[in-house]
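Presented sequentially are two complexes of subunit A, the first with subunit B as partner and the second with subunit C.
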Partner chain A sequence: MANIRLEHVYKSYGEQQVLADVSLEIDDGEMFALLGPSGSGKTTLLRLIAGLEAPSAGKVIFNNADFTHVSAQRRKAIIVFQDYALFPHLTVWQNIAFGLRAGGVPRVALESKVHDILGLVHLKDRQHSLPGELSGGQKQRVALARACVLEPRVLLLDEPFSNLDTGLRQSMRDFVAALQERLRFTCILVTHDKEEAFMMSRRVAVIVDSRLQQVDTPEAIFTQPLTKKLSDFLGEANYLDGRVQGGNFYCALGIFAVNAPDSANAVGRFRWDQLALTREAGPHQGRVAAKSYAGKATYYTVTIERGHTLNVFSARHDFFVGEEIFLEVLPSAVNVY
Partner chain B sequence: MRFPRLRAIIFYSFLFATSAPVLSLVVLTVSAAWRYPSLLPTVFSWRYLVSVLAQDRRTAEALINSTLIAALTTALTLLLAVPAAKALGLYQFRGRQAVKLLVLLPLMVPGITVTMGMHLTLIHLGLAGSIAGVVVVHTVFTLPYATRVLINVFELVGEKYEKQAAMLGASPRMILTDVTLPMIMPGLLSAAIMSFIVSFSQYITTFFIGGGRILTVPLLLVPHLQSGEIQVAAVYSLLFIMSTLASIALMEGIVRKFYKGAYFLQT
Partner chain C sequence: MQEKSPLLKSCGKNTSCAGRLYATWRPYILVAPLVTFMGLTFVLALGSAVLQSLGFVPGAAANVLTLRFYREVLLESDFLTSLSYTIYIALVATLLSNLLGVMVAFVMLSMGQRPKWQRLLYQVPIVIPHLVVIVLVFHLFSQTGVASRLAYWLGCITHPNQFPLLVFDRLGIGIVLVYLYKQVPFATMIVAGTLENISARFKEVAYNLGAGRLQLCTQILLPLLMPTILSVFLITFAFTFGAFEVPFLIGTPAWNTLPVKAFFYYMRPDLTYRASSMVINVLITVISLGFAIAYGHILALIQRQTEGGER
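Up next, the complex of A and B:
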């Protein structure tokens, strides 16, 4: 287990810059999420930590020791790939024993370690199977066991749940969370799914366009994204033009206290779930222009005065298209860019 | 299953088309007289078989030479083809596509041209007329096939498993023996079999570079075809087929013994 620190890490392939000035610290035993759209550079960052690639500039530090140029073989930073990369010619048992064998662990200790971890991932009855005979969830547990049995400095999970069916995905998330709780390894989860990142970890780093946008708690990232790029990646938000004066943002929906310098051209962010529809009279009258039902909530498109069109995400399904309604802004932070 | 009768007819026609030539070879080896319009030989005799297999010492010499040359050629080919194919299949570099095509060049240029050119060089090197010289020339013609097959295998298997093994702490040597080799084994076996057969069936190259001193099975076979001793040629042809099949069976057996449950690219 280790504390991981990245200092001003850059990575380019030829002309193309993949990572720019990424600095990040991950605590020992932390479950940390790295969130970003595909192509943002998050997988490259994972490969830099594992030692599969070297940064163009900057440092990778494990427990205060510079690991930037330590080979993957000696890092004990293990990626569990999206498709698990189980050795297809080896059995479950042999897959799990592979790293121990590489490390020259004596036979007796090796067997007991493999035995213990097989119990932990509930795969004792499949130990002689080949990977081709396993289900997706079983393969993932083998991959996790193969990495965890080595007590890695850091376990790197690359989009671990995106190949699984919805039901299995949730149970594997719980399984990984419980395993991490139990073994207390430092774990970095890479995902493009914001809900997954928010649910799995207490701190999330978001990378968009090769740059680290924000490192914060899930709540802070969701309600107060610091950059417009991050807000765009999170999506599900309305943007209203306005101006900032004396700590207040003036726009079509009213006046809101914000933490931003004065500006004549500001854009305010109102999340879809930050707006609510009501039949009781309020300051903003509007009309439902479109509606689409999505199960746990309904998406409405509402037009208000001066032709503004806003999207609203509501748990109420009973408003109808063409209905005259009122719009209210729920008390939550408003961000301006 | 629709048209079962049609399927059966097609199946047996193909079976006949492929096995009939071999069957007629077998019959030919024991026929002293077989003329049109007889369906079967009118006079049978063992003398061709006896003369080739028991009386002619050159038969054994040619078989040993052919097998030795083919085995050495296969080994040299794989030694060169595996690293080359890995580089061409997995690494990104400028001109990769062009090199992948150029690998086939020895097969595109007429074989006799390549052989004549190499003959001079091998004379300078003192390798003409030796087994080593013949092996070198055969390798020129087997290498394109083997490299091509292995490039495809490396592209299919990818680099991921080697990276995973490295992260699990495996040394380069362990990665080679425990991950790369077992995973490319099916392709390696195909490449080996193809190299062996190509080498075994070389005539012109062996004739030129061996300079008449290196006797192989095709070198014994061809003069008999030309002189019309068709029965002797048939015996050599059968010998040729059987020794090739035996070698392939041996190679497969070895692979199966050492790589139990080998991964036969079941993606």
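Up next, the complex of A and C:
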């Protein structure tokens, strides 16, 4: 287990900058998520931590020791790859034992460790199977076992659930969370799925366009994204132009107290779930222009006065297209950029 | 009532039926000319060879089918010598070329990205005809060749006769050299492509798990490379086993490989020897087919072991 610290890390491939000035600290034994869209640089950051890439500038520090130039073999920062990358010609047992053998672990200790981890991932009955004979969930458990058996300083999970179908994905998330809780290793989860990042970790770092946008709790990132880029990535928000004056944001939906400096050209962010539709008279009248049923909730597109179009995410399914309705804005709903 | 085939079932209206039929059969129609040509050539040639080996040689007025020629060829005193010599040449050339090809592929991998002209450098010998390589080897390694003169000039030998016999020699060194020149680049080209793919996928995984280069090579890359190496082995062995011109031109006069022996039979004025020639050709074909079948079984076994049943 280790405390991981990145100090002003940059990475470029020729002219193309992939990471710019990334600094963050991950606590010993923490379950931490790196969130960002595809191509944002989060996997590169993971590879820098694992030692599979060298930073163009900056430092990678494990437990206060500079590991920037330590080889991948000696870092014990083990990646569970997105496609699991199991060795196809080795059995489950041999795959799990591979790293221990490479590290010269004596035979008796090796067998004991493999035996224990096989039990932990519930794969004792498949230990003689080849990866090609396993299901997606089983393959992932082998990949996790292969990494965990080495008692890594840090376990790096690269989009580990993206190849699994919906039902299996949730059970594997629970499985990984329980495993991390039990073994208490430092764990970094890379994902583009914000729900996954929020559910699995206590702190999340969001990278957009090669830059770290915010490091915070899932709640803070969801409710108070610091940058417009981060807000755009999180999505599911309406933007209304307005102005900030004396701690208030003035826009088409009204006046809202905000903690922002005065600005004549401000943009207010209203999340879809912070707007509510009602048939009872209210300050903002509108009309349902479109509706999409999505199971637990329904997405509505509503036009209000002065031609503004807003999206609303509602648990109520009973409004119909063309219906005249009223719009309510929940208190403390606005973020201003 | 007979059930319609899925193809006929799918035909709704007559107008679309022809189009769907064409779409279904289009790939087969497109490859039909080539397959017909290749198939007919192979079947007719092999059929003719088998018939002639059984004594059906019209010009020789020996039109009774018999196994006499098989018996005669197999019982000949030098048949086993020729067979052994052919297998020896094919095995040595194939093993060495495969070994060197794999080694070069690993060296190239360790060198990383190379300019295109460097990759072309090892691919050029593949397109040079065998006859040209024979001339090259003869001029380089015969007792009056460049190597011999160089050794003389350096004072290593005092007479060309002292230079070791590398061409027309009993060990078939000249023949093997020609095959190495042609087959090492071929083996390298095939193996390097697969090796790059395997390495790209598993090198980082192995390093990340703490493995060194030796463990990566011996435990991951080489085992995963085995089907490819086996393929190259079969192709190069089958080619060398049935090749005629190299042993004919620079082989030892003492022993003939089977293809050379077949050629000499074929060229005899007495047409009944055509049957003996065809017996040898049929035997070469049968042995090559045996290798192909064995290869298929081994490959399937390896694939079962390495991949299992993909889900």
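In this section, the second predicted complex is superposed on the first by the 335 of 337 C-alpha atoms of A that agree within 3 Å, B and C clash if a C-alpha of one lies under 4 Å from a C-alpha of the other, contacts with A are read in each partner's own complex, and residues count from 1 in each chain.
Operating definition for what follows: a residue touches a chain if its C-beta (ideal position, glycine included) is under 8 Å from a C-beta of that chain, and two chains touch if they have at least 3 such contacts.
Just so you know, these numbers come straight off a predicted model, no measurement behind them.
Three-chain overlay on subunit A, with subunit B and subunit C in a clash.
In the superposition on chain A, A:Gly103 makes contact with both subunit B and subunit C. Using the contact criterion defined above for the overlaid structures, shared-chain residue A:Lys42 touches neither subunit B nor subunit C, since it reaches no partner.
In the superposed pair of complexes, A:Glu133 makes contact with subunit C only, with no contact to subunit B. Once chain A of one complex is fitted onto chain A of the other, the partner contacts of A:His284 are absent, as it touches neither subunit B nor subunit C. In the superposed model, A:Arg141 makes contact with neither subunit B nor subunit C.
In the superposition on chain A, the residues of subunit A contacted by subunit B and by subunit C overlap at 50-52, 71-74, 76-79, 81, 85, 87-89, 98-99, 101-103, 130, 132, 146-147, 150. Across the interface of their complex, subunit A is touched by residues 160-161, 163-171, 174, 178-179, 182-183, 259, 261-263, 266 of subunit B.
Listed in rising order, the residues of subunit C touching subunit A in the complex are 201-202, 204-212, 215, 219-220, 223-224, 305-311.
Note for the complex: subunit A touches subunit C at residues 50-52, 71-74, 76-79, 81, 85, 87-89, 98-99, 101-103, 129-136, 146-147, 150. On the subunit A side of its complex with subunit B, the touching residues are 50-52, 71-79, 81, 85, 87-89, 98-99, 101-103, 130, 132, 146-147, 150.
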